[in-house]
Amino acid sequence: MPSTIGTLLSLTTFGESHGAALGGVLDGYPAGIAIDEDFIRSEMDRRRPGSTSLGTSRSEADSVRILSGVMDGVSTGTAIGFIIENSSQRSSDYSSIQHLYRPGHADYAYDAKFGLRDYRGGGRSSGRETACRVFGGAMAKLLLRREAISVDAGVIEVGGIRAEGYGWNPPFPAPLYAPENGNLERMIDEIEQARRDGDSVGGIIECRIRGVMAGLGDPVFDKLDATLSRAIMSIGGVKGIEFGSGFESARMRGSANNDPMRIVDGRPAFLSNNAGGILGGISTGEDIVMRIAVKPTPSISKEQLTITDDGRDAAISVKGRHDPSILPRAVPVVEAMAALTIADHMLVQRAYGR
Amino acid sequence: MPSTIGTLLSLTTFGESHGAALGGVLDGYPAGIAIDEDFIRSEMDRRRPGSTSLGTSRSEADSVRILSGVMDGVSTGTAIGFIIENSSQRSSDYSSIQHLYRPGHADYAYDAKFGLRDYRGGGRSSGRETACRVFGGAMAKLLLRREAISVDAGVIEVGGIRAEGYGWNPPFPAPLYAPENGNLERMIDEIEQARRDGDSVGGIIECRIRGVMAGLGDPVFDKLDATLSRAIMSIGGVKGIEFGSGFESARMRGSANNDPMRIVDGRPAFLSNNAGGILGGISTGEDIVMRIAVKPTPSISKEQLTITDDGRDAAISVKGRHDPSILPRAVPVVEAMAALTIADHMLVQRAYGR
Amino acid sequence: MPSTIGTLLSLTTFGESHGAALGGVLDGYPAGIAIDEDFIRSEMDRRRPGSTSLGTSRSEADSVRILSGVMDGVSTGTAIGFIIENSSQRSSDYSSIQHLYRPGHADYAYDAKFGLRDYRGGGRSSGRETACRVFGGAMAKLLLRREAISVDAGVIEVGGIRAEGYGWNPPFPAPLYAPENGNLERMIDEIEQARRDGDSVGGIIECRIRGVMAGLGDPVFDKLDATLSRAIMSIGGVKGIEFGSGFESARMRGSANNDPMRIVDGRPAFLSNNAGGILGGISTGEDIVMRIAVKPTPSISKEQLTITDDGRDAAISVKGRHDPSILPRAVPVVEAMAALTIADHMLVQRAYGR
Amino acid sequence: MPSTIGTLLSLTTFGESHGAALGGVLDGYPAGIAIDEDFIRSEMDRRRPGSTSLGTSRSEADSVRILSGVMDGVSTGTAIGFIIENSSQRSSDYSSIQHLYRPGHADYAYDAKFGLRDYRGGGRSSGRETACRVFGGAMAKLLLRREAISVDAGVIEVGGIRAEGYGWNPPFPAPLYAPENGNLERMIDEIEQARRDGDSVGGIIECRIRGVMAGLGDPVFDKLDATLSRAIMSIGGVKGIEFGSGFESARMRGSANNDPMRIVDGRPAFLSNNAGGILGGISTGEDIVMRIAVKPTPSISKEQLTITDDGRDAAISVKGRHDPSILPRAVPVVEAMAALTIADHMLVQRAYGR
């Protein structure tokens, strides 16, 4: 089921950039949860194009309509269907690229897979698909906050400019959704400069999940970091993920990378968190920390070499309203996929009475 | 099903370090495939402890016994059951750490999850569990080589020492399973030095999958890189993964990171492969390239701070035969998980006649 | 995923009787299939309340709106989202039974499961949920008819009155969707009489799937009859299912029940079909024949004993527009679940190149 | 995954009649359960050929070897691997039927599916495969009896001779595993007569699950009766299943079939159980009652018409040690599949805190 993720709490999505609507089904959601629609709306707004000054000038309402599974403001325990109407379907925008493979996009691979392709805005590969994830994530966060679990992400690097001396006081403010840091201005400038250059820029997002009880995840294929990786890597534009000391751990000795333990205030504590909150695939109770590499948006107005779908060399300049960086918009999507994954593992663990 | 991975071609495993045997079930394997037992044995041997001079001096036979699904040397299309007997179960080795949480190991998290723990060699979290993966991977490779798809991995960094100027001529030789490169001696020395120090060292493995047809993977949750990430991140000790330009892409402009296309020799071609062979979650036909961060082995003889399972401060020095680096042994496991994932996607794609 | 069925071709549904809309996601549907909307509409119409004179006088439009996965009338290979708006949500009809458990309905069990209950028309347990199945089934039939596979069902028994001497010339006509037979009038009268009595009546549906290639299904848990049984038994009101000689085979000798084979016209042929087209869980190429027991509609206006949801004895007479028999409406639902199951198995089998 | 069944508690099996061993993996089994090996052995013995005077004279030890997931007699929460060695593999017995399709067996369909066939005893379609199910079922029963849930089955009809006036005092005694009843002798005679005739005979098994809490199952595709049906219908030789009044309900009025409710001793109670303990797919707390139609064993020594695998007419008389009825041996298998299904639903329901 390629459009479904999760074991007990599962999200199934549908929808293309330029179809009538996107939507999906959130199944396995517990009964009796008060559905905070204001919170859902605020989460949707964070992802919405045009929500920050760094994004496109498109304005999509992204209004979620819940169609089932909620009665009198409370979840009923049954499948929650939802749709997000596509108010502005302007297919004409895309006619110029109908037969060109946009570099860095799925276009060529898509044709190879399906034998045909919805050229309008990337079809199913559109970033617009992530709106459904953010809805699912908002619902998962409603579950998690009952357990005092929080999921937050922020941009910590843009085009090689790393956040300097940042603390962690989420939620992080627009336009960049980055923690306050010494390089924040430069990071924002980097995106603005890319836009002026008709180009785009990548960066790194950090996500921290705090308050997770020890014991989530499984020792083999359902390791918590394995399922988180699948969930996060399934976001378009993500090219890498690491946990805790991550790629840096590859340069460390075991004596430095292992996190020592002590009894602190009568409870077990780790003296460091190189593990990023996960050991052997199971949560340790420490903050789960991951960093995610996001590539520069492939849609750029600079001219690039490509081919046509009937096999001729061509050049392309992708016109239209494109983000010079998807970093700010990716932040709530990363949170959403992380929240869905943690909530699912939490339900599974509950089945075993722990 | 936390011990199962795959959609049509699925691997289910069982087994602890010190139980009677490990094993599993490979299901959904096509009928009519000649099972090359010599090849399987050679793959198992690559992972086996003691197979390289850099590993432990333990010698485990790791002889796989196929119990079903193969008749007269040919797969029958039904579930392939297999076991690997644990010839040397020496539980006594582990009594000294029975009540201590080894830093960097799953011990503490494991207790939190299950309420009890097989302290003998890590139980289900033991690296020994990967023997079953290598068997599954060898079987998957038999399928892939019929399509001229190859899966190879090699160590490209040890303790911060990066392979210098390496080519890609797999299979790579023992002891390090690294491509020939200017720093090969230094990389090996780094591991030997860690051993002499009673310490361990991490590193980076590169994996390349060549010959994959364009069109594998799916645009949403079953992106090829998402499922590969889950499969690879489920290997113990892996703390990060990246595809193509990966974390480096976060520092690039779109104009540099996008891979231009041209018609070359009458066929579509990418002029670079920053995408690592996957765009929008679907294979492009280029080499799939990923790099995997492996942490230093947590078991070290140097003394470390920890606690006991009844809540007292303690110190621990992990005795016994431990690898100063799991890098060489992880190489065939990475290949195995990659091969299983690709073969599974290939079968799914075939269902759609492509 | 309790709202999802299928392996490669999967249907996920949502929706309550009195919510805003029902709908779902059909995933894994092959690309390039012309979507015959007239056919889909005709299938939906067959299930629709009020479509036959034997049903309720409610008129629901049951107009399906496809939201994704179809472009220019052709499937794109991506998830097909759809909704069916609930035009007439009259919750007031149900206030009188809000705190009463209707005998024969899920009400009591539902409260035990979820701790709360959508009392309006049965919530998720409403027969209205089957509209989504019929849509999925219509789509599956579009796949099957390319292979000349047909799926047809008809009512062969009503309240103990068995169809007499019927042939099999589907599709069967309204109002009963039964094959032409000597007892057809009496069968219809039986339903009319039940209505006049403020009562309801059950019956038996036969379903035949013709043109299925030999080889679908699997020898163990995914036996074709096992997955068909799950699919059919998941229809509300179904209390039994049998294949081929079914319960009658329990009274037979092996020498009579085994179907002999001969070479006829140069091809293998079975001389009888007691197996109902399935042996060892795998299709034989003969017609797949199953019979399904449907209980009398539980909603009756006759007074019945029950209890209130706060634990007091009570009596209930279910008012409103209820079918005296769901048999005619169940016919297209049975076909739909059968078609989805066969199409799914067909895709899986294709993955193995057969 | 055609060799896997279950959501949280899953059983994956492997093994052919004449391979080296059968076995499997029971995953998702809770930690801390004392594994009563005597009980497991007694369950295995009930299914074993030769365990009753009505079966074959073959004696298979069916000794289960647990390879993982159990330490010091207690489950560890990790995957439980097990094997059952095939002590007596006498392939020579089957050479005479190597190229003949046995009527009533999967042989022909199997060839169509896989393109090849393990002719030795039916390969994966062998009844021997059910030994793994009985092991899984025994483990599931250990879980269920902690909740005072019992699962029992008995033969209530043989060759048309119905048990007369039986009570329900399980476990039922060998040789028939039938409840004490007025026709018990005649039922046994019927099997003996079939054997003398070189023929076989079918029958009906009733299974009752007592003590199940209300609330298991789900309103749509995971209806409790739907998943039970899949589990039971996946047993070789089963051709029909019904719940509660089942096929008889098709002949009833709603006023007779609906089960009235009253408050009895201060608790909700149903005054009858035509529903068979399940309404709308969810358990009601009443006994779950199902009846299963088992066809006559297809292997008979009487001569039958068939064809060869190269397309020639032939006659066949299946020699060897075959049960004239699989009814007694099917009893523990029915219980096993029911127990696995209920235990799985119970774990899922626990995830939701009920």
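We just call them A, B, C and D in the order they show up, numbering each chain from 1.
By definition in this document, a residue touches a chain if its C-beta (ideal position, glycine included) is under 8 Å from a C-beta of that chain, and two chains touch if they have at least 3 such contacts.
What you see is a predicted model, and the numbers here were worked out from it, not measured in a lab.
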{"item": "Pair joined by the larger number of C-beta contacts - B-D, B-C", "value": "B-D"}
{"item": "Numbering shared by both copies at the chain D-chain C contact, with half separating same from different", "value": "same"}
{"item": "Separation of mean Cα positions, chain C and chain B [Å, integer]", "value": "46"}
{"item": "Averaged-CA centre spacing for the pair chain D and chain C, given as whole angstrom", "value": "26"}
{"item": "Mean-CA-position distance for chain D and chain B (Å)", "value": "39"}
{"item": "For chain D, residues that touch 2 or more chains besides their own", "value": "2-4, 13, 31, 77-79, 113-115, 123-124, 219-220"}
{"item": "Residues of chain D touching chain A in the complex", "value": "7-8, 30-31, 77-79, 219-220, 347-348, 350-353"}
{"item": "Residue numbers on chain A that touch chain B, as the complex places them", "value": "2-5, 13, 101, 103-110, 112-115, 122-125, 129, 157, 159-160, 194, 197, 199-204, 213-223, 225-227, 229-231, 233-234, 236, 239-247, 249-255, 257-263, 266, 268, 271, 275-276, 278-285, 293-300, 302, 304-307, 311-313, 349, 354"}
{"item": "Complex contacts: residues of chain B adjacent to chain D", "value": "1-4, 6, 10, 12-16, 19-25, 27-28, 31-32, 65-69, 71, 74, 76-81, 83, 113-118, 123-124"}
